[in-house]
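Below are structures written as structure tokens.
In what follows, subunit A forms one complex with subunit B and a second complex with subunit C.
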Partner chain A sequence: MAEPAKKVEEKKIIDEGLEMGTEKLTQDRIENVINRVLKGESGARLKAYVDTCIHCGLCSEACHYYLSQDNDPRWSPVGKVKQTLWEMIKKKGKVSPDFIKRAAEIASTECNLCKRCAMYCPFGIDIAYMMLVVRRINHLLGVTPLYIQDTAHSHAATFNQMWVKDDEWIDTLQWQEEEAQGEIPTLRIPLEKEGADIMYSVIGPEPKFQAQLIYQAAVIMDVAGVNWTMPATPGWDNSDMAMFTGDNEIMGRLKRAHFETAARLRVKKIVMGECGHAFRSVYDVGNRWLGWRMPPIPVVHAIEFYYNLLKEGRIKIAKKFEEAVTLNDPCNVSRGGGLHDKARYVVNAICESLVEMHPNREYNYCCCAGGGVINCGPPYKMKRVEGNRIKAEQLFAAKARGAKVLIAPCHNCHSGLEDINHHYGLGMEIKFIGDILYEAMEKPA
Partner chain B sequence: MLSAENWDWETPEKLIAFADWNENFAWIEEPHVSCDGEKIAAIVNIAEGEFSVCINGETWENAFEKIWYPRFAPDGRLTALVSEMGEWTVAVDGIAWENKFGYVWNTLFSEDGNHIAVAVQQDMAYCMAVNDTPWQQSYSNMTNPLLSSDGKRTAATVQVEDFGEGDIQKFQEGVFTAALDGKPWNTKFVNVWKMAISPDGEKLAAEVRVSLYDYTIAVNGRPWDKTFGCVWEPIFHPKSGSVVAPVRTEGAWTLAEDGNLIWDRRFVQLWHQMYSPDGNKLAAIVASKFGKWTIAVDGKPWSVTFKDLITDAAFSPDGRRIAAVAKDDQKWKVVVDGAVWENTFDMAWKPVFSPDSKNVAAKVEKNGKYTIVVNDRLWGHECETIWDPIFNSEGDKVLLRSIEDGKYYRRVITVNDL
Partner chain C sequence: MIHFKRLNDLLSRKYWAPVSAVKEHKGEAMNTLYNFVSGPLAWVAFIIFFVGCLYRLIRILVLVHKKEKYIYTYMSWKYSFRSILHWVIPFATVNWRKHPVLTIVTFAFHICLIITPIFLLSHIILWDESWSVSWWSLPDSLVQAMTLIVIGSCIFFLIRRLISPEVQYVTFASDYIILAIVAAPFVTGFMSYYQWFGYQVFTILHILSGEIMLIAIPFTRLSHMLFSPLTRAYMGSEFGGVRHARDW
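After this line comes the complex of A and B, so read on.
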């Protein structure tokens, strides 16, 4: 390991968003908001969790933070609840502004809402849900880390995560279409094609920084002969940092725009790119806040989409990727969406050799970027990277067994693992499934 | 709109070849047809980097480097967004507007088609342009462009103050407002979203966020004196000019008029409220319980509910009936006055009432083929493409526009023949 995993002195992190919000707090407001959320919004589910927990600590071993921080109980799942929600409940909302600031830091930057701990709790208590309740309280108190708050602002103003303006989005798609026509002259990215089978949706960073992913998706769609479209209006971005800041109203607004765009285009399905949190938002949290038990237009994650294309022979593999790969199971699509076996089918179809990391599938460790943690920005980068030494160890072990390339079919995993890769000197190359599929597939000559 | 009365309602069938256009071009894009059904058009690729539009087999005289978003105006003119030498504009029947811009998008039409508006970006400044005339003011960003149904007014959300990325304080102080015909309101908001223009064109109402947590409706820049946990887009009463919007209060949705709650019932969700044409009835799409969607009329929900979705609701011209599209377990359905049609579909489009309100028709898809359904009776043709049906003014005939075996057909059938 390039860098010893010794515990570094914890530095005090100054976050303008938290400072600014805390300054404006009054005791009354804190009490009022906490009690409103506890009574009015979280109700029975929260009460059941609080009443059931026997403080046994069995959940601790599940958490990558706890394991990476030498089993320090303050990083244990139940420890995080103890430091935040329990105090709020016990004191009936009479907690100090500084307590709120610390609670925001714990809930937003020391828990990825990965739900691994829920599998280790004998009662299935969902600590992630409780951390979300804390974030909701923090949102209503205006105490949210600056970077992710700014992202929530972007969502609110532009309906995407990256302040992409309406024209920039369309322009990017047309530019990628033109680029891809260099490879397949008749390729199209059909905009606003009403009645297409599929609407393809992506997350804000794709048009902003990773337009090649749209290019690759277009080639895959074209070669597979998919009847697809992309919208030329807001509603194209499936991502959702508002879900992670506790701004449920903006979350709902985003999901409404997404589903109504798909309904307007009269597509039968939404296929989304390789993103985990967006899947959680469209498939579970956002739709339900709006009153939809299931997504009103079915949502298919890229993993499942590739799986179907390969299984049905709509995409054929010209030459499998030769270097040995390992696969990171993103929490939201594996533990949350059960796509881990389909991911393996796809990886085995496009790669010569898959070296499993352990634990894996629904038991995989979180990348430590998810749940909006990476979106809290540079101030928390070291905490995040050091909070996942266990992932580095997991990867070193896979590397020792021959893995050279790390596949991460999720944007957050991708970025978070890149930081771990650098910090711990892993020297692995990180790819999306789409990167490899695009390389390996048969394309028209 | 071309007055439907003047259309050809006598010729039973007209035919225009379509598939063989292929021979002349590298590719042809999705076809579009005019309301009266006399014209079919598509973007065609002539050569690398050279596009035109082909209508009824004839291409526009002008070719462009890029073309997208071809749409027929209700008056039958064909518009498209076109680019030459890196500049964009609107072309109407092949003639480009004189003004050229950095980018144009989101073409909007007035009801009669006389007015054509687009969103415009020029040198990273944003505004709208109507009939080749851009607003006098432009803004660092603009969203939610809107054209009034008479085409006389335009509106949009505009950003009136600059702020750096990460400047959350400035954002929360409010940097957005609404602009009517380019002129901004005096009040700034944290967010301004969808809006509506009053029938007389004098008022603009918008859903706004006044802090990160407080939502309300602002009319001509003045927010209602009450705020709510959330709101959705407002509409105007067609006669009185009062404003009605869904509001969320104590975790449930209801309707408010000029700030006051008007429906007793509370819903898990409520949106797409609409007045009957005479303004006497008010209906909305609601979730009466979690995962149970229906329509509420004057506050009372239909007894039938749907699990997945209800959308595209419309009042009949006489205001007595309502039709909508619903979805349950991947089956799309048409529902009229709370009764579900027996036929189910792989997809259904917005139902259309006849002018006498007696008949309802919709475009539908089944097994990859398209047809129309009138009063729950399917037309026997399985088409490659079909467009929304249109009734004549007597309501006894339907205009059908479809593509079958690569040929475009314009047909007139009587409702009784179905």
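After this line comes the complex of A and C, so read on.
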């Protein structure tokens, strides 16, 4: 069919992972893998979604990419299916290596798997799921973006995302414990404490680049008097890039290690930091791959954890944060876990004033970093930032109504919004809930 | 009353009597053709429609059973209906509100599309003739209006496909064919009602096109009639039971 001419020439992005993977492809291998996935691995859902879609385009306006690219249909949810899966199905897997490369680019860097479009399609067709099927095909063909594949390799080799060595992990925790003892001398970060109530788990980048978040969490745990522990073994990392590269096998191993670590420590619950994709991995995708309808050990996201602490009065607020804040609902915990109202309770408890951005709650636009897109690295940075002009507009509107600080209770949102902040000259300060909670709470003098 | 006149016409087969001796020969051929399309062919069409629908539904459920059994564990009646209910009420969802014209058109279209043939007197008469069952019918003037709504909606869908870039981008020849298949029984039905010209030809064409549409439902994207409640129910259950979020 006729494709609109505009916007087709964009700066060519060279991704070594895709280039090298594509070179190794053969026609046979492509055909085998596609058919193995379409006929073997997938089932009724894929079939129903493909057969039911009436090609009405009503999902288009759900997608921040589409809205940010001046309604260019190439970026609409169904447009992405057209450029990938439909063609593979129509040609019965006989597509070219270049087609596979382009499909990888679309599925991995032009869709955040945010599922906003599932709320817009009258049939509830899950295009994020279809993009994951495409990523699965790309994984089996070895055509995946370089940077995210590196993190998936790290997961496979070390069971964490950032090549953190076992001793570095323990060192980091002890370092943060010492730091925090400067503030609260009796504070401990209990390692390997069997029978604790809670195992606290974080994502790989925290010990690597953001150790102060562990410090803050330790202070919150300590002040609230929580009986908690952290594991000293692999299994401490709840993050999961394998889920986003289509490497379901590694994803399963990671999640099993995570849950088994919690089981070994005989904790009642896992509490996790402010991360969206990790929540998706333990609560939605990874657990199901392992055959658990819901996580085998309850997983509590930081938002819900803070909510409980504040509600039960285990943490008191000394001085509310004064500047007006706005709250970015992360897709994976809001549309993925319904934590938006609890997030508001927490933010209202710790901040003087909350200025809502619109749309919000489960209708919020994705940050354009999620779904592994930011993890595809520098080559795609501009595509990602330009692909979310609508977010900048949404934030400018909140800023115009007084918001000065942007709260993003998710690591991906945080980094993605930081890039948007700089590129569009938004001039907002971005914080985690924990940053503010740590500042605002009553601490022993 | 026009109803009774037409009823009598039909029942006495005056309806089909050749108008003049000159046309007798041609009329007989038409009669045979009419009898064929409204008899055996109608049987075939209805059987393919019902069996086809059943087959598609069973096939998909078997596939769920074989490969994605876990889907059952997520299904919830409450959340399924919560979702379906929102989507079958005009303007009850964010996206319906975003597209007010389309929403009005698509609801009018689907309602008329399903109601018209079922409560059309001429159709009921045919059921009565062959099965001795009959039910309440809509006045002809209303049916005509509803037929025009369907035809108008199809024109709207066609224009939308031609001019909206996001629809055009995902349009294939098959989308036009599907639209034509749906429009055809209404266009020809309307033509034959008015008996403008080639009345018998149009009635025969009408019946043929109606049969084609029935057969097409289970085997084309028109099967969204069968699958949309299922996909909606699944997404509703996921959003309600797992994601604790609205899906409308």
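As a working rule, the second predicted complex is superposed on the first by the 436 of 445 C-alpha atoms of A that agree within 3 Å, B and C clash if a C-alpha of one lies under 4 Å from a C-alpha of the other, contacts with A are read in each partner's own complex, and residues count from 1 in each chain.
Operating definition for what follows: a residue touches a chain if its C-beta (ideal position, glycine included) is under 8 Å from a C-beta of that chain, and two chains touch if they have at least 3 such contacts.
In this text, all values refer to a predicted model and were calculated from it rather than measured experimentally.
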Inset, instruction - State whether A:313 touches subunit B only (first), subunit C only (second), both chains, or neither. - result: neither
Inset, instruction - Figure out whether A:335 sits in contact with subunit B (first) or subunit C (second), or with both, or with neither. - result: second
Inset, instruction - Please work out whether A:79 is in contact with subunit B alone, subunit C alone, both, or neither, and reply first, second, both or neither. - result: second
Inset, instruction - Identify the partner contact of A:293: answer first if only subunit B is touched, second if only subunit C is, both if each is, neither if none is. - result: both
Legend entry - Partner chain in contact with A:60 - subunit B first, subunit C second, else both or neither: second
Inset, instruction - Pick one for A:252: touches subunit B only (first), subunit C only (second), both, or neither. - result: first
Legend entry - Doubly contacted residues of subunit A, that is, touched by subunit B and again by subunit C: 288, 291, 293-294
Legend entry - subunit A-facing residues of subunit C, complex: 60-61, 63-64, 66-68, 70-71, 73-74, 83, 87, 93-95, 98-99, 102, 164-172, 175, 221, 223-224, 227-228, 230-232, 234-236, 239, 242-248
Legend entry - Residues on subunit A engaged by subunit C in the complex (per definition of touch): 1-4, 42-45, 47-49, 51-58, 60-62, 66, 71-74, 76, 78-79, 82, 118-120, 122-126, 283-284, 288, 291, 293-294, 334-340, 361-363
Inset, instruction - Spell out the part of subunit B that touches subunit A in their complex, as residue ranges. - result: 26-27, 29-30, 48, 66, 68-69, 102-103, 105-106, 119, 121, 126, 141-143, 159, 165-169, 171-172, 176, 190-191, 193, 209, 212-213, 215, 229-230, 248, 250-251, 268-269, 271, 287, 290-291, 293, 307-309, 311, 327, 330, 346-347, 349, 365
Legend entry - Touch list for subunit A against partner subunit B, complex: 16-17, 20, 40-41, 139-140, 142, 146-147, 149-150, 153, 156-158, 163, 165-167, 170-171, 174, 185-186, 188, 190-193, 195, 232-234, 247, 249, 252-253, 256, 260, 263, 266, 268, 288, 290-294, 296-298
